[in-house]
Every structure is written in structure tokens, then in C-alpha cells.
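For reference, chains read A, B and C in written order, and residue numbers begin at 1 within each chain.
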Amino acid sequence: MDAPLFTIPLWADLTAVGLGGIQGALFASGFRGQRRLDLLGVAIIGIVMGMGGGIIRDLLLNQPLSTLQSNWYLLTATLAALVGMLLAGPLRRLNGLIVGLDAVVIGLFGAFGTSKALALGLPLVPAVFVGVCSAVGGGILRDVFMGLPVAIMHVGSLYAVAAGVGCLVLAVSNAVGVPLVIAAIAGVVVTAIIRVLAVVFDLSLPEQRMLYRRKVAAETGALPIVKR
Amino acid sequence: MDAPLFTIPLWADLTAVGLGGIQGALFASGFRGQRRLDLLGVAIIGIVMGMGGGIIRDLLLNQPLSTLQSNWYLLTATLAALVGMLLAGPLRRLNGLIVGLDAVVIGLFGAFGTSKALALGLPLVPAVFVGVCSAVGGGILRDVFMGLPVAIMHVGSLYAVAAGVGCLVLAVSNAVGVPLVIAAIAGVVVTAIIRVLAVVFDLSLPEQRMLYRRKVAAETGALPIVKR
Amino acid sequence: MDAPLFTIPLWADLTAVGLGGIQGALFASGFRGQRRLDLLGVAIIGIVMGMGGGIIRDLLLNQPLSTLQSNWYLLTATLAALVGMLLAGPLRRLNGLIVGLDAVVIGLFGAFGTSKALALGLPLVPAVFVGVCSAVGGGILRDVFMGLPVAIMHVGSLYAVAAGVGCLVLAVSNAVGVPLVIAAIAGVVVTAIIRVLAVVFDLSLPEQRMLYRRKVAAETGALPIVKR
């Protein structure tokens, strides 16, 4: 509690990176925009989704980027992107599994971000902020690279909310004395449950303006298996 | 002058963050794009506008992000975004006041950025650059998040010019021996005056190409009360 | 080899920055989008293209931004952007020369990035990654600022591939004992040759989806002399 020296196990970190990479490639390979993505483009999106969250976290914390201190992160993200690209068809049929895994992954990224921020001495609110940025950062970078409006701001995604609540649970639990590992597990579970429930029950935040009737334009024709 | 240890008073910093947050939320809540923003999206834009400038400044300076060292910045930006969202109607009627406040805010962000850069030993030109990036960075991030072309590059905004001249006044005054606080005040005043005059007299830089007749497409339907 | 203290000569660095600035301004001045760029917008794109690669490199390496430690980088990038803007017509006729110079420039940026990363102790794979990001980072930032999908992901650009192969040649040569300067020269040459051949023979990676017939929409009307 008072010395939250939380080292993320490499296997957990690489699992999160790999799952992010697969999803990025799935998203990109289903994308039909005005311009055609080539194979490298799909791989880039996979790498961006797998590594973006960790990079943004370390930039915000002004720390050396942990994803660049070993060969494993890039190799895992690239391999995962290839898998996602090649198995796009079969993987799409496992939609339920992917939503579930993805919910765990954003929980993990959020918990890694929040606990690293706490370990570096940041106060509670910024630590939660860093966790949320870690969880949703890959998705933001993906949308920016693809020239899409950032999805987490739009109706129909409880991504950031799920990450935020989970990170808050972690930080508050830790502040009142719960050991960090237990607090982190609680945070991951809370994030994953909120996210899965949001998908299952199609929950969303109210939109800012109810005035206009235009449906969400299917302007991209994207198949966002997992809306991020 | 020779030891520009310029600590920005917290109240001034938070004022700038809060005004940025209000404006971000106002902009986002007036936005009508292809996809609907939900309440969180509006809040995110408010936070991005309030905190983006300071974050970009500290990233460029390779310093710990000062906006993450205390709870106050995020709380202020979030609260301001809520205020901007709830009071969007009435606040729009105070357009003149908002333009004026905004002009002061970009002046403040520019001055904070330039003086922090000088205090860290950067030469004059990069210090001015950091100041301009602090002043316009929040607006750039806002546009990137919303999938819009970055507004400061387009006809009709003297934002960056106003910020640049003000930061240059600060840096040059300081270089010739004017005490930093006085130089900073001069910079803020110059930026604010240029910006307000640009709005009042509808000044703009010439465009690169005069060839095509197409009017600026009202492609977003946005109501940019303050064009940034 | 074992102490790769590779200081980039200032003239080489400024040459790369200047050529980047010219190209950014050429690209931006040929751009016809929905909103008109003003002169400042063109200059910003020039500066972004000239300095973006170095900034992204140093952010990834968590080092002070070398482009902000001297006045020369910003002055060079700005001057180059002005030259690119004023001489856009005549320069367009030198298309072959520009493609060649550009190929050398991405080679240089890639080599600077990879060798700086190796000098800081990064493993081979991340060092190559940093090099590629240095080489293509300016182009990515340009596209993000202009609200375009990131060009390197789309069919028809072997930019990132050329940079990647060159950086890999550098890193592997260095790892097997070739002196860094020779390894760097080899990397630059390989990158430049691949890039020029790709332009001459119109090489491209296969696209992810062959399904749809829609041609690449000439949605921007841009004249990307050098597709980046």
C-alpha cells in the first residue's frame, strides 16, 4: 500500500499487447474507406493498438518507454497483427470471445497505467487519468491514424467509462489500504464487467444533442467488432 | 532576467485551464458532425482544451507534466467542461466576453510556455516555439480528436500569429533585460490585443491559393464561437 | 561498434530538416481541400515535416528534444518552408530531383533515429522502430494536421518499407561489428535505392482487400509529388 512498487509481469504485459495487436488488425482489415489500406497499413494499426496505450502512459509519466526496452513488445505486436490479418475471417465468428478478452485487456492496461502512476507518486486523480489514457490511448491513436473521429467520444461506447471506473476502484482501494495487487485485480474485474454489460445490454451515455434526426452515418463502412 | 525562475501561480494556471475547458465544451456541444458526440465526448474535448497546452509544453520540454502533479488541474478542467456543457446556451450569448477571455488565455498559455522554456535554458527561437505550441496545442488536439482539419492552419484565424507575436515580445524583452514578470505581462497584453483586433476587424492572413472559388464548406456545421 | 557514440553533424541534420521543410510546403501549397490553407498553414506543414521526425524520435527516446536546443532547426525549417512556398511552381518541375533528395532524407532520418537509439542502449528491434518512426513521423504528423488519413498506410507508398529495411541494415551491420558510420551509410543507401526504385517502377505492397472496385478517390485533389 505505502510502497506500491508494482512491477507488471512481462507475460501479462505481452498478453495485453498481443490482444491489442490482434484487434487492431481485425479492425483495420474490416475497414473500407476512401483509400485502400495495404498490408503494412493493417500491420501498423495492429502495432499502434497493441503498443499505443503503453507508449502514451510512459510519455505522460515522463519515463523511458518500457515497450522499447525489450525486443518482445514489438515482436509480439507485429506477430499478433499478422495473426489478426490472416485469421480475420474465423476470428470474427468468435465475436463473444473477443469482446470478453478485450474487456479484460482494457482493464489490464488501465490497471498497469494507474498503478505505475501511483508508484511514481502521482496523486489519485491524475493516476486515474493516466490509467484511462493507457486503456483508451491505443484506440485513439488508431482512429487518428485512420483519419476517423475518435470513437470513444461518440454515442455507443462505454469504453472510457468502464476504464475510468475500474481505475478509480484501484486507486481508491489502494488509498484506503488494500494491497496493490488486490486493488489492481478488483479494478480489472470492475472494468471488464462494466464493458461486457455495456455490450450485452447495449448501454450508452446520453448524447449531447438530441435535436437532429440523422442516424449515425455509416460513413466508413467499418466493421468495428469491438467499438473502441 | 538572468535567472528566469518563473513559477506560474497556481490560480493563474487553473484559470487558464478552466477557461480552456469551458470553451472546449462549448465548441463540442455546438458540433454537428456525422457521428454524435455523447456527454463524455464533450467532457473529453473540454479536458483536452483545458489541459492540452500544458501537456504539449511539458512533453516538448521533456519535463514531468505539471498538470498531473496535482489533483486540481483535472478537477478544474472537468468541472469547467461540465459548466460549459450545461450553460452552453446562455454562454453563447456572452460571445464578446468569451472572445476577450479567450484572448487572455492564449496569452497566458503562451507566456507560461515561453518563460518555462527560457527558465530551462532554451534559446530564444525554440522558447517562442514552445510558447506558441502551448497556446495553440489544446486547439490542435481538439481538432485531431474530432477528426477535423487543424483550424489554425486555415484562413480566418490569427490565433497562432497572435500567440507568436506575444511570445516573441516576451522573449526579446527578457533578452534585453526586462524583468520576466513584466515581459510576461507585455506578452500577454500583446497577444490578447492582436487576437481581439483580429476578431473585431475580421483580419486574416492571405491564403496560399486564390485560384479556386469554393467557399469554405460549412462541412461541419460547427459553431466555432471562438475559431481556434 | 561497442560504443556507438554517434553525433549527427549539424549540417547533415539541418539538411534533412531543410529538405523536409521544402517538401512539406510543396505538399501543402498543392493541397486543395474543403478548407483553405493560409500562408501560416503552409508554413506550419513545412515546419512539421522538417522537424516532426526528430521530435518524435526524441519523445520515444525520452531525451531532450535536440531540435529545440539550438535556434538553427526552427530557422532552417521556417526558411525552407518559405522557399518551398514561393518556388512551388519551378520546384514541381524538378520532380525527379525532389524524389531523389527525399529518398536520401528519409534514409538520413532513419539512420539518425536508429543510431541514436542504439547509442542509448535500446535493443535492435526497438532501435529499428525508432528509426522508422523518425523517417516517417514528419509525414504522419503532416497528414494528421491536415485531417487526411495517414498516407504511409495506404496502397502505393513504399516509404515505411524503405525506411525499415535501411534501418535494419544499419542495426544488423552494427551488431555484427561494422563500424557505425559505415553501417549508417549503408542504411541510407539501401533506403534511398528502395524508395527510388519503388517510385520508378511504381511498386507497392498488395492491399488488404481486393474486393472492392472503387478507385482511390481523388478526394483531396492533392498533388502529392512525393507520396509519403
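We adopt the following convention: a residue touches a chain if its C-beta (ideal position, glycine included) is under 8 Å from a C-beta of that chain, and two chains touch if they have at least 3 such contacts.
Computed from a predicted model, the values in this text were never measured in an experiment.
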item	value
Interface residue overlap between copies chain A and chain C, same or different (over half shared)	different
Between chain B and its twin chain C, rotation from the CA superposition, multiple of 5 degrees	120
Rounded Å distance, chain A centre to chain C centre (Cα mean)	29
Contacts with 2+ other chains: residues of chain B	59, 62, 144, 147
For the chain A and chain C complex, residues of the former touching the latter	28-29, 32-42, 44-45, 55, 58-59, 62-65, 67-71, 73-75, 85, 144-147
Chain B-facing residues of chain A, complex	59-62, 117, 122-126, 129-130, 140, 143-144, 147-150, 152-157, 160-161, 204-209, 212, 214, 216-217, 219
